[in-house]
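Scrolling down, you'll hit the structures one after another.
Both complexes shown next keep subunit A, but they swap its partner, so subunit B is in the first and subunit C is in the second.
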Partner chain A sequence: MPSPFNRREFLKRIALASTICGGAGYLAWAPEEYPFSLKDVTGLRSRPEPRQFTLPDYRVATAPGMMEIGIGRDMTTEGRLTKALEPIGGLSRFVQPGDVVLLKPNVAFDRAPELGATTSPELLEVLIRRLLIDCRAKEVRVTDNPIESPADCFAKTGIKAAVERAGGRVLLPDGNAFRPLSTPDAELIKSWPCFYRPLIGVTKVIGVAPVKDHNLSGASMGIKNWYGLLGGQRNQFHQDIHTIIADLSIMIRPTLTILDGSRILMRNGPTGGDPAYVKPWDVIVAGTDQVAMDGWAFVNLLQRDASTLPHYLFLAEEKGGGKIDPAGRIQESA
Partner chain B sequence: MRPFFRLTTVRIVSQLVFLGLFVFGVWATWTTRMQGYPVSRFLEIDPLVALSTLLSTGHIYRYLGWSILLLLLTLLFGRLFCNWICPLGTLHQCAGWLFNVRSGKERQEQNRYRPRQVIKYVTLIIVLIISAFGSVQIGLLDPLALLHRSMVTGLSTGWDWLLGTTSLTQLQLAPGTAERIYTGSLWIGVLFVVIVVINIWYTRFFCRTLCPLGALLGLVAPFSLFRIHRDTDLCTNCDLCLTRCEGACSPETTLRVTECVGCMNCIDDCPENALSFSLPRIVSAPARPTPDLSRRHLVFAGIIGLITFPLLRANGRVNDANYSPLMIRPPGSMAEAEFLKKCIKCGQCMRVCPTNVVQPAGLREGGIEALWTPVLNFNIGHCQQKCSLCSTVCPTGAIREISVTEKLGFGEYRQDGPIRLGTAFINRSRCLPWANEIPCIVCQEVCPIAPKAIQTYDEEVKDTFGHLVLLNKPFIIPDLCTGCGICQKECPVTDQPAAYVTAVGESRSQERRLLLRYRTNPEES
Partner chain C sequence: MKQSPLPHARLFTPRRRRINRTHISGYEVVSSVLVLLALAAVILWVVSRKNHFDPAHQDVSLEALEQVSGSTVLYQRPLKPWQLPGTTDGWQDIDLGIFPDSVASEQWRPKTRVKTFDPENLYVKINGEAERFLRHGFTQLSYLVLQSANQIEEISIELYNQGSIAGSTGIFAEHRSPESEVQQEGPNTFFTTSIGGIGRKGTFFYRISGNRSSESIAQKSRQLVQSFAELPDPENTEPFGYQLLQELTIEQADIRHQAVNVFQYDFAEDFWFGKSDGAGQAEMFVHQAQSPESAAELLAEIVEEHRYEYQTIRQTENLVLFQHRFLKSYFIIAIQDSFLFGADKTADEATSFQLLEMIGRALSKK
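For the complex of A and B:
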């Protein structure tokens, strides 16, 4: 079959060829700043950009006349939580109706709650009910990045069951949960992978930490608990744990910190392992200055000498994470 | 009478010139010759390299835009590249010409179109899908990458051995060095030999059936201005045009434009002058503009492509949980995931490395996905301080171009520090001073870092024979070590060196770092 070929056809073909080559040429050769340019002179342009994020300040304004730290002692979890919150104005001063609250317990290990290595599920259950019912929070999320299998840690510490009974949501750290967090004032973790997805939409953050012996740093309490928000190669942190914990004290500014003094791990921390190391007690500390709270708990709950306060508390004070001396800011409910 | 001017003559000259340029390029890519200049040009005009790295990274590195030249050539003249330029195509044709000796009738039968020729399009689709997911595997079959890799790691060592016994050492590829070694080159060589030898039975099996670049150009060729035209008025259907048809493109019936490699043999062989390579004609047999790629083929290729990527990745070698301590990449390499989006396994970095430290990876380091990508083997060589040749030859930026200043962390790069390839360690149970009371300390002596990244605990002891010896027991300062590997290379415990480098601490990846912070001398800062 003869194919008609004339000048028009020829020009069309030429136009097609030049359009394809011209388009491809533009994409490949236009300088990088030109629109649609795909050129990559250095090879660095195609490197994925680390999508850093920053955390907002979750604190609420201090009310005049209120204490910063409250201590509650009672036989029941319910009672000691109420008493601890009383001097600082009660839970509803911190959480308003409609808030999305993130609770960060310590679920680091696959251990029974009786071993004192993790936050007690009873406290979480009571706290979540309060947040949802009394404070009318819209949602309560509970998350941690454990050392061992996250699903197991949450299940075997009893925390998953407690959270779900109370109506909260457990969020596990899957591979997509993290993004680099920018903390310009930190010394060693200026940019480090941190929970991102679980924090989307969160308006209030409450740390709920056990009080534990910790062989490297002295003690693991309220500040050290934030270690569990981070991902990445955390095993490097032990090269300078005190600076890291001091960095944690300014990395996140939580709404509230609660120290769970119901099972205090006195020895062999942070894992424990023998119920004999655990001192059952009746205290809860709630407050907004983690540095002072950790200092107080170190002396009064772990019953260590005040002259042996962990070095990180001094570093944290220097960095502005809080003040060690609680005088005039702390009150124990009657 | 044969006409004086024949296209086939021009073609043969073109083939010889480009084959010569390619070989010259390989030869000239050497630190005392043209260093990193000439070789990459071939791979940079390869549109398959540009397209697959565009799919994987979203960008076009450095000179890959030159592949438009080849696109333009194909839009004008069809798949001419395959039979006029491609040095591997030339080798195939040559092998067939020399060894595939048959009668004319048999040859005509052999050069008929075969349905299996569609395989190359399926291959192309599969590798492009994998590329889009982030794993560039075109290099396994791309003719230029394959030929370069085979020449360098498979053939060059034999060539250099042979010439080393003569006085023609200037023709050696790596003159003045110890015998070049390429680990695993047997399999690279076997693949090459198989695809060339197969020409004895199946003419240009690789080009017709496997070549993904040929497939890509074949998809562009139907838009070309020129093609082979058969004047149906003159044609007597004698099939003589098939006798030396390189592409098996059916010139005797409906020309398959996607298969025609423009060898022009059919024009020579036509006794009636019915065939011509020209602009569209009024009197001409119609051509078939598309390959025999059915919807089933597409679905099949799509499914295979989708399955292959997770299979390649499942070994965890790319992520930071299961990376190999041996996966030490050349200086300037991108982080592993980015590296695999770019590396086409062409082997130019292995060719240009003056110390032979850059080696084709086996299955141990990165599995199939990273097969034949460059890794540093410090038993064979070390990474020289004032050298960044591998980064200048890399056509795709898997090893991005760096200067020596950047590599060493001098000048404007002081803030970033040196590029670290890994970190050295001392195996105290194999180290002579540590384990055997024998003074040694070669590793500390050769360490090129200032101040030295290897320091010693010094101890005077009385050895077993009663001699007083000073033992300098080495230890590594990881803050200073750049992982250049000279300590491993020079360690006298040569089989399993007591000083050895592993990948941890490499600066291309944040996740594979070793130290929380690099200690400095307070007096310096």
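For the complex of A and C:
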């Protein structure tokens, strides 16, 4: 009976088996930095990579004859808001029935609203009612990502209670609510974790910011408000505050920006501490050009010299975030 | 055609197994039965025991273990029981840390435990403002929230340890406005706000803010300020400039330290300022340089920069008197050994020289 193996066949099979075993051994045990190594001691290699996303342009088409910025002065919040929205076509020009609206107030600190460090809860309450009743928005979400305890911040500023009274929904951040946002034209945040979850399904975005002094940037108003959507180690951006604010002006193109000039923190911002630093006023500014709005508010609400406009405004203008000069685009309601 | 060497190789043969033996002994049969019975008995025993394993069955006795064991403390009992954050029951057990015990009472209970922040994570509490405190030597923030017994009112207390008197006076000066009515009560310098108060004691700076304006919050804020007198005194002696200005009978409340950017010059650092009674807006200032040479260099730089906005009225080797070109106020600066001193925003020449002489006399005694 002939032998089933001859020597050549035997050697071929042994070589094949050795190659397979050796290859598998290399893939499994070779150090992580070696080519094709599958070793994963830290588990980082097999960590799922979150997918990047980009924000759509939330702006609405410009209407002929409409102003870009409206200023409203009145004794009541309701009146102020109505007058500020009139020159730009009213709220219903921006929000249609069925829209899911995201409001981004400044809730950065667990401070009482009297200190002027956060957005006024009264304004938010009025705005949410308008959006739900007048504009028939499907849903109004309110969110911010304060570095301090978000629950404490929303509670102590009175914003949580105001939103719930008006029928809105507060969305607080958690570790899984962030995904990298791609902003190719930005300098510091080309790809940076952004508070993503509240933006899912949103059709309109409105920034509602206080007007206040800021220790580093000179002022914190409409554009700086978007800082609250950033995640990660964002405190590092304070080393280059003007560049990051300019980046924020192109990171998101909101449907509308509202500057709350009812309590203006004139000094010792951004946290304040003494109600004496806060100037009660009767102004609300609403508009679509955040750069122009910030410039106007810096001079007219914070009452600073026009020659000392914050550097970030010029950077934002260069990047295409808006135009500082509001001439011909701004109107105050009678 | 070449044929594969293993055309029909099979792992298992389909042929029927053939028993080679023709006889099995009785001894072999009996022993097999016994083994099977033993196995059945083991199975029955395991089934009957079910999950009732006796852990002590094979334990080594404690005595035997003690003989070969050393003593290891596995759990250190905490000094005080842990308190669930956000609960107010058992508030007496909450560790108040640096805060004096008198800040809490039956009427004003701690709402949460004390949170502390250091220079590494201060931004978590006051994002955007941390740099201001760090500039003034910040070392630690202790944060406490008190809640009234009716659970309606709240007071937040931020207690910053600035590490030095210079740091606390510096940050306090940045918080007070010209309208602030600063009061001095013992070691406490403070002013009240409509919802609390802001002040300093030793190396500490504090901000007290209630969630609304009310009489009870005002009263409690006042009591808190008094409590802060119990805060530990600074370990280091008072800085030279602070001592000197106090010797000139300037109230603590009117003394401030500016760490950087003095007179808006980035090269001028570490100056002490004090407001003297009856001198209007005028402020005396003093700076101790490393050496007479560095003091002279600093003086030369200040004088050179000042000439852009001031007109030189008088200049000697050790003294320069300026007048502002538009405001018409006076600025006098002099040098003595390694000290630079003078007065700013004085209304006339006589006052300038009078204040300068006061500081010069005090320096001579040193």
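Here is the rule we use: the second predicted complex is superposed on the first by the 286 of 334 C-alpha atoms of A that agree within 3 Å, B and C clash if a C-alpha of one lies under 4 Å from a C-alpha of the other, contacts with A are read in each partner's own complex, and residues count from 1 in each chain.
FYI, contacts are C-beta pairs under 8 Å (C-beta built on N, C-alpha and C of every residue); 3 or more make two chains touch, one makes a residue touch a chain.
As the structure is a prediction and not an experimental result, all values here were calculated from the model.
*Asks:* Is A:Gly232 touching the first partner subunit B, the second partner subunit C, both, or neither of them?
*Replies:* first
*Asks:* According to the stated criteria, A:Arg59 is in contact with first (subunit B), second (subunit C), both, or neither; which is it?
*Replies:* neither
*Asks:* If you stack the two complexes on chain A, which partner ends up touching A:Leu188: first (subunit B), second (subunit C), both, or neither?
*Replies:* After superposition on chain A, A:Leu188 lies in contact with subunit B alone.
*Asks:* Which of the two partners, first being subunit B and second being subunit C, lies in contact with A:Ile20: first, second, both, or neither?
*Replies:* Touch partner of A:Ile20: subunit B, not subunit C.
*Asks:* Does subunit B (first) or subunit C (second) touch A:Arg45, or do both, or does neither?
*Replies:* A:Arg45 sits against subunit B, while subunit C stays out of touch.
*Asks:* In the superposed arrangement, which partner chain does A:Glu9 touch: subunit B (first), subunit C (second), both, or neither?
*Replies:* A:Glu9 contacts both subunit B and subunit C.
*Asks:* Quick check for you: in the superposed arrangement, does A:Ser220 touch first (subunit B), second (subunit C), both or neither?
*Replies:* second
*Asks:* Taking the two structures together, which residues of subunit A meet both subunit B and subunit C?
*Replies:* On subunit A, the residues that contact subunit B in one structure and subunit C in the other are 2-5, 9.
*Asks:* For subunit C, which residues count as touching subunit A in their complex?
*Replies:* By the definition above, subunit C touches subunit A via 5-6, 9, 123-132, 154, 156, 158, 174-175, 177, 179-180, 193-195, 198, 207, 209-213.
*Asks:* Spell out the part of subunit A that touches subunit C in their complex, as residue ranges.
*Replies:* 2-6, 9, 108-112, 114-115, 146-148, 156, 214-216, 220, 235, 238, 267-271, 273-277
*Asks:* Going by the contact rule set out above, which residues of subunit B touch subunit A in the complex?
*Replies:* Listed in rising order, the residues of subunit B that touch subunit A are 50, 54, 57-62, 64-65, 67-68, 71-72, 75-76, 223, 225, 279-284, 286, 320, 334-335, 338, 341-342, 397, 400-401, 510-511, 513-517.
*Asks:* Using the touch definition up top, name the residues of subunit A that touch subunit B in the complex.
*Replies:* 1-5, 9-10, 13-14, 16-17, 20-21, 24-25, 27-29, 38-48, 188, 232-233, 236-237, 239-240, 244
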